[in-house]
Every structure is written in structure tokens, then in C-alpha cells.
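For reference, the structure is listed below as C-alpha cells.
Labels run A, B, C and D following the written order; every chain starts at residue 1.
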Amino acid sequence: MSIQRRTRDQIAARVARDIPEGAYVNLGIGLPTLVANHLPRDREIFLHSENGILGMGPAPAKGEEDWDLINAGKQPVTLLPGGAFFHHADSFAMMRGGHLDICVLGAFQVAVNGDLANWHTGAPDAIPAVGGAMDLAVGAKRTFVMMEHLTKSGESKLVERCTYPLTGVGCVKMVYTDLATIEVTPQGLVALDWADGLDFDELVRLSGVPLRRA
Amino acid sequence: MINKIAASAAAALAGVRDGATVLLGGFGGAGMPDELIDALIEHGARDLVIVSNNAGNGETGIAALLKAGRVRKIVCSFPRQADSHHFDSLYRAGKLELELVPQGNLAERVRAAGAGVGAFYTPTGYGTDLAKGKEVREIGGRMYVLEYPIHGDLALVKAERGDRWGNLTYRKAARNFGPIMASAARCTVAQVYETVELGGLDPEIIVTPGIFVTHVVPVPRSGAREAA
Amino acid sequence: MSIQRRTRDQIAARVARDIPEGAYVNLGIGLPTLVANHLPRDREIFLHSENGILGMGPAPAKGEEDWDLINAGKQPVTLLPGGAFFHHADSFAMMRGGHLDICVLGAFQVAVNGDLANWHTGAPDAIPAVGGAMDLAVGAKRTFVMMEHLTKSGESKLVERCTYPLTGVGCVKMVYTDLATIEVTPQGLVALDWADGLDFDELVRLSGVPLRRA
Amino acid sequence: MINKIAASAAAALAGVRDGATVLLGGFGGAGMPDELIDALIEHGARDLVIVSNNAGNGETGIAALLKAGRVRKIVCSFPRQADSHHFDSLYRAGKLELELVPQGNLAERVRAAGAGVGAFYTPTGYGTDLAKGKEVREIGGRMYVLEYPIHGDLALVKAERGDRWGNLTYRKAARNFGPIMASAARCTVAQVYETVELGGLDPEIIVTPGIFVTHVVPVPRSGAREAA
């Protein structure tokens, strides 16, 4: 059987499974925003947006957009009944103060010790932009990463040591990819589950770093 | 469904342990969570560290907690009041430790705990006895004292209205320390006079978002104390 | 002519003369609260109370007291139209951040360099209480002191060096007493005006510290 | 009588000097004081240091200020956007200095300026290139970086309603950086869609009290830009 790589929606659904009712969660821009579509409707989860929103709801219907009500990616959103607005210092106090249970971020690389690189390729001509990534990475109680397992050229994004500039030191707790779900533990990386048709040894080979079974 | 509205104050405080650091909202009587303090006395926890602006007066609230012998230490800015006799006598008898903190440093240290700030430089208190032994630094030609956050195990605050997600509004100057105390404890319990349906609080006027609140305890607006 | 000591109300009125329209002002507990009664009604001045009030109005009529609306001395007050409430960290940010133009404080002693002692006699059996005094003393743009010139035993409260524990270092700009109005300058104390019937040389003698005429 | 409502944006900005540090509210387009930025361009001040979350996109707001060649340096967290071509080309040509600051440190540094905090220890950025050369310290087993306040000569913010004392309310997530920027500058100018009589804003819902505001500039709600 060939490897059944998980689609972006399947990865998002896998992340959603690990978000319990009542959790305060920040979904980073890009891939992580997909997770919102997979949170079960019967589970109350509080979505935080760095620009001063708690209780963020889904995108508005076409024609109903309010440009004073946007998310971190500057896309229109809605507010659930029970939601609240606050200013930026208060919003980042929620992160830095450890009040968010989970944040989900994209990544270029995750190291075996939980180091995260997701903001800058380090290329000399790249225009750097960090936004709230560094605050989220170290502020949330648990930082989840959602990413493709391999780069376009086939290299593993799980690394011994990040070669891209760091976003945070030792901050990643879980990694969700198209190939596997991996927990970062003090004893190293532990694979919890992996794609259908993928052999564990093959996962280790593709990952290029030590990996244990749960 | 998330419902932070507690069955009773006793239920909300069931997990409090001996030795806990308890942050209390309130300035004088305004915003003082009297009903929650009564429940804390009822609960029986001992060796508490109390962080609040005042050290209680008369026979209720913090004064009653002191009288019951439950407090090991109090961190506050203004313990001396006209009728703070329970504090006065325990303090003079050496039975109560006092950490006196300038009011703005108290507020900022609590805010720092809630905001994840590791420490900060404040101009307040520089060159005074209350900064003795503390690290100082000149920044931009001015002298500052290094102060550290005050984290709570428990915060008790009095708000006006709340909902099942823990969102709170306050009333007038009873707001005072409530919002920052609520942000700085592992468990925050708020007493409210009114609970409303989700969406019943305008999202523009919520002062303490539910992320900072663990339990909401409804109390009657016109208790015996109010009538007294 | 014998010395016409200024009454408390006359001192308060003298302070009020130096508070311009539009000033943001904090009146400390005790003597300074009298100043509010002497602010001209045609001058808009913003009174701040440390417990989270800006735009504080006069005491309510009897029977109209609202115990959720009290001042720093825990006495019932009112709020003017245009007033606002905020929490304690924001309230002291207004002080510490230099947003108040003037605060008026009582004092035990003021030193020639502007050092202030007003919170503790240092007596071994005294119960200390500092409140917001230290924050106000160093936070306001200009700190005014309002006090009796002499102690009950006739010693000057203007001193070369404070013997009581300090509230703030070099923070006092003006001193208003029953005998004189004195400015604290880098070149020392300067008497701006003094009580009727009081000779300047007598003022200097009573003060016990170097004093210049304006 | 105190009346902070300005005759025009131009009048409110008359005192701006070359080289000023200008704090701008807004996150993307929400809360961006476009009309005040237009007036700042019209005013002609040069060599400005701009502090804002983004570095402008399209042809309006900060992008227009950049295009007009008035900015020497920009302090922000997220300059790169889909159509941030004016920033991109100036930056690549070495004609614009960039200080990149993690968004939460940016917010906290501005808040510290408004609150009179001399410096603070933040966990954000520790061990990264953005903390290179900065002082670090271990506090309670965690590593922190020392960060300093960002003071402004001028702050421009977009609010929703204001009164003649300068009290402000905001609308939804357009609040973002507005309240902290307003608190951190020597002169703060707020554009509002509506001015109300004193007392027309509920004292419980005023987000920026007038103490932080120098001038209030009414702007029409449905300008050409909104309709575009």
C-alpha cells in the first residue's frame, strides 16, 4: 500500500482532536486557521486573536464583512455571543501570562528539543516579519506545530538543530504533519500515530532524527 | 457546554489549600468580596498569605479572616485604618507578617504576574526604606527599583455582572484591583450580583474577559450586610 | 501687627490659585482634599483619585451616598459628566507615567533639596501605611506640599535633611504653609509670599533653613 | 472651558517637528488613522520615526507616508504584507531603517512608556536573533530579555466616539494598539467618527480617558475611502 499522506484538512482534524472543551486557543495565520473548521460544534472552545478578540467566530457571510472585525491574518471574522474586545497590551498579556492553553503555529523547522523556527528563512534578501509568533511560541501553555513533514526538496523539517533563525527555544510540545503526529518530550521525539500505508521505520528514515513509538 | 457559574461559594472554593496566596480585590469596602471571604473562613484554610490594598477594618471581610487566625502574612499598601484593630493587635503581637508595598507597585506587580512580565523597573520607592536591599538602576538619568511579580494561587474579586463564560463587568470605583487580581491567580473566583445570558454583556464593555475567571458565584444584592 | 497665620482654608485657596485650567490633579488624603473647595467654578480642572476615577466631583448630598463611588480617603464622592472609571494598574500608570500635572500631598518634613517625608514617623510602635504617597510623589509632573509650617512643639518642618523616613527623593516643587508659599529650586528654597504681619527675617528664623526672597 | 475638539486635522498637527517619533494605532486597516496620516503628509514633517504594527500596504496610510519620503525609520512587528511594495522597495534600497520587534514586546514597550515603567523583563524573543546583544536574566528558572519603553512625540489613533475632554471609545477590533499608543506620547491626536456631549459616553465604557488625549479630530464616517 502506498503512503496515504494526510491532507491539510486531515491534519487540521487531527489537531482539533487534541483540543478539549473549554480550551483557550490561538490559531496562527496560514495553515493553523484550518483547525477552526474541524472543532466539533458541540465542544465550546475559545478562540483568541492577537489583535484583541476572545470568542472569535467563523468568517461572515459574503457581503456581511466588517473591517473593524478581522483576525490576525487581516481576514474578516465574527464574534460569538460571549466574546470580548480588548487592547493589544491586554491581548499579549493573555499570551505572555500563560493564559492560553494552546497555540497552533506553522513552522519551517522543529528541533528535537522543541526549538521552533517559523518566522524567517534567514535569506539575505528576505524581508523579515515576526508578528506575534515569538510571543505565542513562549506564551501559550502548550505550543502545537502544524506543518508539512518534508520540504519541497524532500528534506525533513524535523531537525537535530534548527538552521533557520529561531522563533522560540524549547517551546514546541506537539507536531502535526501530513505523515505523523509527534510529541516532543524531554526524552526526545515520540510518534503517536502516522499516515496509513507508512511503515514506522520509513517514518524514521524520512524524518532523519531519532524517533520512538509511543 | 462551559458553565463557570458555581453552585455555591463553598463549591467554588473547595480546592483551596493551606498556605495559599490569596489576592483580594477591593479598596476599602468598595469591591471587597465579602461573601467570598466569608466562604473562605467557612472553608477553614490556614496559613494564608493575603494580598490586598488594605488589611481589613471593623469585623467583616479581611478583618474577620484575621480574627479567625487564618492569615500568616499580609501584603498591602495601607494596613492602618480607623478601626483596623484586628490587624493592629495581631501585628503588634508579632503574630502577623507584613510586607508593605507602595500602592502603585502593588498594582503593577500584580499586573506583571498576570501579564507574564518577569520583573520591572519602577521609580516608586527609590531612595526610601521600602526599597531597602532592592536592586536599583539608572535609566535615562532617572533612578528605578527592580520589582517582581506577585502571583496568586487564588483570587477573590467582587464584580457586578457575569456570564457562564466568566466575563465580568464592575460598578464604578468598585472596579479598582479586581481586574488585575483576576488576571494573576491560578484560580479566580468572582462574586456577582447578576448573571446574564451569553451575549448579555456588550463585548465592548467587558472589563475582565472570561479567560481570567474560573468560577462565578452569584450573591444576593441586598444581603443583611448591605441593609445594616 | 501680629502674625496672621493662614487658616487651612486660606492655604487651600493659595494652592488652588496655582492650579490652572485643564490641569490633571490628584489631591492627597487629609489637608489637601480641602483644595477642591477652592477651585474656581469657572475653571475646568480634572481631579484624579488613585482608586480609579478621573473627573471626580464633590461629596454627594446626604442620603445620596454610593459606596461604590468613594475617594482615596474612602469617603463618598460623585462623578462629573465626562468622568471615567478604570482599574488600579491603569490608575497608577497615570501617576507613574507622568500624566498628572500636579499632586498635592501633606508632609511631616520637606528638605531643602525637595526630599519628602510624609508616610511614617519612624516610631518603633507606629503601624506603617504608605498607600499611594510614594507613587504620587515621584509620578506627578509637579508635587505640591500643603502643611503646617511648624510642628506642635515649634520646630520647622522645612529641614536641611529629613529625619523621618523618606517618601520620595527630590520630588517636592512647592510648599504651602500657614506662614508662607515656598518654591523648591535647584538653588534652594525661595519664599514667594508670606503671612500678613510676618517679617521676612522672622520667617527665615522660624524656618531654620536658608530661604531667599523671590 | 476645556475643549480638545480641534478645528481640523491640520490644526491638531501644527506643532509636529521633523525627526518626531510618531506612534500609530491600527492593525492592518482596522484602527488605522488614515485621515490623520494624510494630514501628517500634508504637514510636511520629515525624518520621522514611525512605530506601528505594520509598515503599510497599498497606496494609503503608512504606505503613502513612506512613498512621500518622510520616514527615516520604522519600528514594527510585521512589515511584510501582500502589497507592501513601498516599504519593500525603500527597505531593499537601504533608504529605510527597520527595527523589528515581536508584536507583544512592541505592545508592552509602548505600554511601559505610558505607565512610567523604566524597563521590563520579557520571555518573548529569548534565544532569538531579535534579542541579540540584549541583556538577559534568569528569573524563577525561566530566561527573560530586558526591554525598554518606546516613547512617542506624537500618537495618532483612530477611535469611534469622543468628547471635548478627550475621552474615547473604539469599535470592535479597531481598538487594538490605539489605547496604548495614546498613553505613550507627549501629544496624542485621535480621529473620531462622532463627537458627543460631556456625559454622552458611559464612564464604565470609556477606554481611553481624556488625560491621554490632546486633540480630537472629527472625520466623516463615509469618506471616499470607505466607499471605494
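We take it that a contact is a pair of C-beta atoms (placed from the backbone, for glycine too) under 8 Å apart; a residue touches a chain by one contact, two chains touch by 3 or more.
The structure displayed is predicted, hence computed values, not measured ones.
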Labels of chains that are neighbours to chain A and to chain D: B
Chain pair showing more contacts of the two, B-C and C-D: B-C
Whole-Å gap separating chain B and chain C, where each centre is the average of the chain's CA atoms: 29
Length of the line joining the C-alpha centres of chain B and chain D, rounded to whole Å: 33
Rounded Å distance, chain A centre to chain C centre (Cα mean): 55
Inter-centroid spacing, chain D versus chain C (mean Cα positions, whole Å): 35
Numbers and ranges of chain C residues touching at least 2 other chains: 79, 85-86, 89, 92-93, 95-96, 139
Residue list for chain D, restricted to those that touch at least two other chains: 108, 111, 115-117, 122-123, 170-172, 203-204
Pairs of chains, among all present, that meet the touch criterion: A-B, A-D, B-C, B-D, C-D
Complex interface listing, chain C residues touching chain D: 21-22, 24, 44, 46, 48, 54-55, 79-86, 89, 92-100, 139
Sites on chain B touched by chain D in the complex: 108, 112, 115-123, 137, 139-140, 142, 144, 148, 169-172, 202-205
Contacting residues of chain A [partner chain D, same complex]: 49-53, 66-70, 74, 79, 85-89, 91-93, 95-96, 120, 125, 127-135, 138-139, 165-169
Complex contact set, residues of chain B against chain A: 1-2, 111, 113-117, 163-165, 167, 183, 197-199, 201, 203-204, 206, 209-212
Footprint of chain A on chain D - complex, ascending: 27-31, 53, 77-80, 84, 87-88, 91-92, 98, 100-105, 107-108, 110-111, 122-130, 143, 170-180, 207
